[in-house]
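Below are the structure tokens for one structure; questions will follow.
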């Protein structure tokens, strides 16, 4: 490549040129060695959080959702906040694996697999909340349009039902996408391992994949199609989540910009979470050459961009609330910014719009400690965004006589903690069992991996480049 | 006991883990495999082989290689057609499902919207399309196009496979290709720069007719698992969790049911009594309660006849009176044959009764008829009486009535 | 690269001037016959030209911002199209004189009897409106000159620092573009019905600008390249990108339009629905249904197969289709305020359309006569020419 990479934002994808064998070694290492002390510490923390969550969930099941802080005007609170938060986190994974694939951003290869796994675990975490929010989650089968003895069907004009379809489709497609990508890598591990048990497992899971080019050809087309359908899918999921609020007539919920605003917010928070975890993972598993600082810088740029989009939506909402001349709309926004929950509003604005402005500076973008602080703040800010949208709109609406405050209970907080435990426990298990970077994809973008000639059958080699 | 079992299990696993793969290869040749070092070598070799007219050959690379499809003379993949067809099916099915369920089979007005409205159907239709497209694509590419899973391919478990899944590029020409001649193929490989040529033989299992999926042991394990799962599910759902909070269908609730005991109140009764000297609305006490007809000073109907009153009377009559008296007061109610048949309300006696007498009967009961004072508030009783009068008149209408109603 | 500049054939200039001339005559006639209708048509044409001109500048910035290389050989086309911006700065002046005809909120008697409008008066008043227009144009013109200057200077100096500078500019412009285009949409189109409001409206117009400016760029790129004005090394890979992006922008528009409509339909609040109901009255109902097909469904089906994204003939036809669809869309946004009972399309509207197309061709031709059609000094050009899909 003759051009200077500065102008095209194309960085060397794998630092310190590695041979294919070395790539195999580096990526397969975590799956072949015993967990380190660091991993065990992380695992015990996350599984403790998970246990606390499980305990709080049992309390909820036994005594009912009266254990939560939800009250009469604030019927949706931590449950739905956590749902929207986690489903949003998932979006970055699909964005990285599908949208960046369609835009041929090759730098995605280093982080795509990991981000996809995150999507799956985040959607699983998210899926818990609407189901436990129903109060009797073991009857959740009635959410699906299945024939039943009551002769009734689900309500197809309810956005809550659209959620059921959107989230389950999203999980299925993300899982298939991730699984399809894993097949060739599992074949590599199958041929690399010396343990027969592992070999049996890998053989079964890799379905007997042989790296045949006739297979690759179909595989690549299928991958493209999956990326093509995942892109509108990922937009649709958070769009439908935004419909949960926006189809109502509640000021602060009903506003037409919600769909793209939610999608931008989801990508923003998702990238925040991907960055948070990647910074730790690349350090712990010695993958600084594969998940480079260049990756982190690019993600910081996307954070800056999506943060600005979210900021645009905040501004537009505020402006139109005033412009509408509708006193209820105006009140909601004044109440958000200056009412009893003003602190949550300003936390949201500062974490999501103001602090990420630091990413304008290249030094900040490439500094790992500062990035770490900022991305954690993004996570915090995006959680509070959902809090602001849900709680502040509900706690003071049309009827001042039924205004009330919402305070979370210990069980609420325990469930929030438990959701993190659930997510990170799965993530840690993934890190130790499966290749966290796509081996075949990373090999394909190593310098010199692609032929420089393109011959046709029987013809002579045609040179290019 | 348990620890010994676990130890045994671990030992047997360890033993299995260290056992070498002992599968035998047959003498039948599957094909010749060559290994190359660089992408340019393999792509040239592939183009060469394709150009020489070989058809049953394949290239094995650790990652998809650009331009290889053209070099091998392959047509572009057809996966897209399957995805498209199933995607379209998904779209139609989802729309059909929403339309049929919400406007044909179970129409319900929700939020003043039409039974079937396109804007509200689009989200689910979209998800249905994507779901089926995605599943079709993945299953299509794996099963239909790449014919996986196929764990016992002759190539698997060979040194050749170990190299091409890691860092080398391989080319295999199948022995059943029409043009396959051992020496020619070797020459072709070596002249293209192959650093190694291997013979790949079929496994013995490849040649046998026995399909592992019909193995008796395998099938019995599947069956045993299915039965065990079914039993566990049944026992858990129907026996273990049957009466356990919170899975008890809310039978056990933190409230006191009527007629039940409560330790909270001094009289140990869950129900409360009205405060002394108070009367519940609509339940003014009847002066002549329990007295025989003769000693009663009959009341007159305080309600004026109106459409509303008559409709109320009809409704209450149909609920409380019709089971025995029948919908038209002829004594042919739904309870006949199970309960003594009451006399008709159209007999001369009742026709002659003043309203107050009927009120007295409803309030007090008569013969086997119990008192309805508890169920029917005072005003409703008078409304019922008006309705009974209407019934009586309709049964005994004169010509005059008919002309009047015109 | 080996680029030889060729002048465009004279037919282009003649066609541009011809359309411009006929359009101008019809426009003058239109103003003579019915001034108010002419002003609405004028606004319609103006918004279209803003979409193409400012949208093209946004595409230029977008290329720098995301570091795309495939589009570098075609960047000049968008740069030429963005030269509409200075022309627009002149074209907007007559429109400001027509504000009384266009906007009910400018009428003092309306303001007096309308408490809702009074509460909006700090924003919706003539002075602030003109100030906003001036600020918006200042932003557009400033960035237009900076981007064009950098790009053209690079033809001779081949200085990579200019690209670096443009990348920085593009980050700033991206933000200002979104804000200015939203203000433009709210001011010129949303305030036609001053009671109506939708937070999505800015994004809606923004999606339309990308839709049409990309289509116009694709049309010019394919036509120029098929006739040998660009480079032999541009291939199906580039065409595919044009097709794919047209397809993607189409879906994006549909997504935004659907979301806005669905939320208004579902919540059913009278403050919002009246705007939609205006577009369901009389023949407007057919027009609205037509919008879904013309703007989204038909192009979606045509552009869906992979093969149709690389057929140059089809791409240019679809680009023309997109231009018409955007006209159609803007007509839907603007005209129901004037034609309340049903839509009318007469010679007056046709004249304004011809003028707009003629203006685009003329501006493109004048710029193409002076400047290279390919940014020969751009450091990304080589990689753009070599661009392969995989």
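Assorted remarks:
Order as written gives the chain letters A, B and C; numbering starts at 1 within each chain.
FYI, a residue touches a chain if its C-beta (ideal position, glycine included) is under 8 Å from a C-beta of that chain, and two chains touch if they have at least 3 such contacts.
Note that this is a predicted model, so its numbers are computed, not measured.
Taken as a contact graph, the chains are fully connected, with every chain touching every other chain.
Nearest to the overall CA centre, using the mean of each chain's CA atoms, is chain A.
Counting C-beta pairs in contact across A-C and across B-C shows that the higher total falls to A-C. Per-chain CA centroids place chain A at a distance of 28 Å from chain B. Centre-to-centre, using mean CA coordinates, chain A is 34 Å away from chain C.
Chain centres here are Cα averages; for chain B and chain C they lie 49 Å apart. Contacts with at least two other chains are made by residues 220, 232, 239, 243 of chain A. Listed for chain B are residues 66, 80, 111, 113, 120, each touching two or more other chains. Along chain C, residues 262, 266, 268, 390 each make contact with two or more other chains. Only residues 19-21, 24, 61-62, 64, 136, 138, 145, 151-159, 161-162, 165-166, 169, 172-173, 176-177, 179-180, 183-184, 187-188, 190-192, 195-197, 203-204, 207-222, 225-226, 229-230, 232-233, 236, 239-240, 243, 439-441, 443-444, 448-459, 461 of chain A touch chain B when the two sit together in their complex. Within the complex formed with chain A, the residues of chain C that make contact are 66-69, 115-117, 119-120, 123, 160, 163-164, 167, 171, 174-175, 178-179, 182, 186, 195, 197-203, 244, 251, 255-256, 259-260, 262-264, 266-269, 271, 379-380, 382-383, 386, 389-390. Within the complex formed with chain B, the residues of chain C that make contact are 258, 261-262, 265-266, 268, 306, 388, 390. Against chain C, the residues of chain B that register as touching in their complex are 66, 80, 111-113, 119-120, 122. Per the touch definition, chain B reaches chain A in the complex via residues 13, 16-19, 21, 39-40, 42-44, 46-48, 50-52, 58-74, 76-77, 79-80, 83, 87, 97-98, 101-102, 105-106, 108, 110-111, 113, 117, 120-121, 123-124, 126-128, 130-131, 133-135, 137-138, 140-142, 145-146, 148-153, 155-156, 161-162, 164-167, 245-247.
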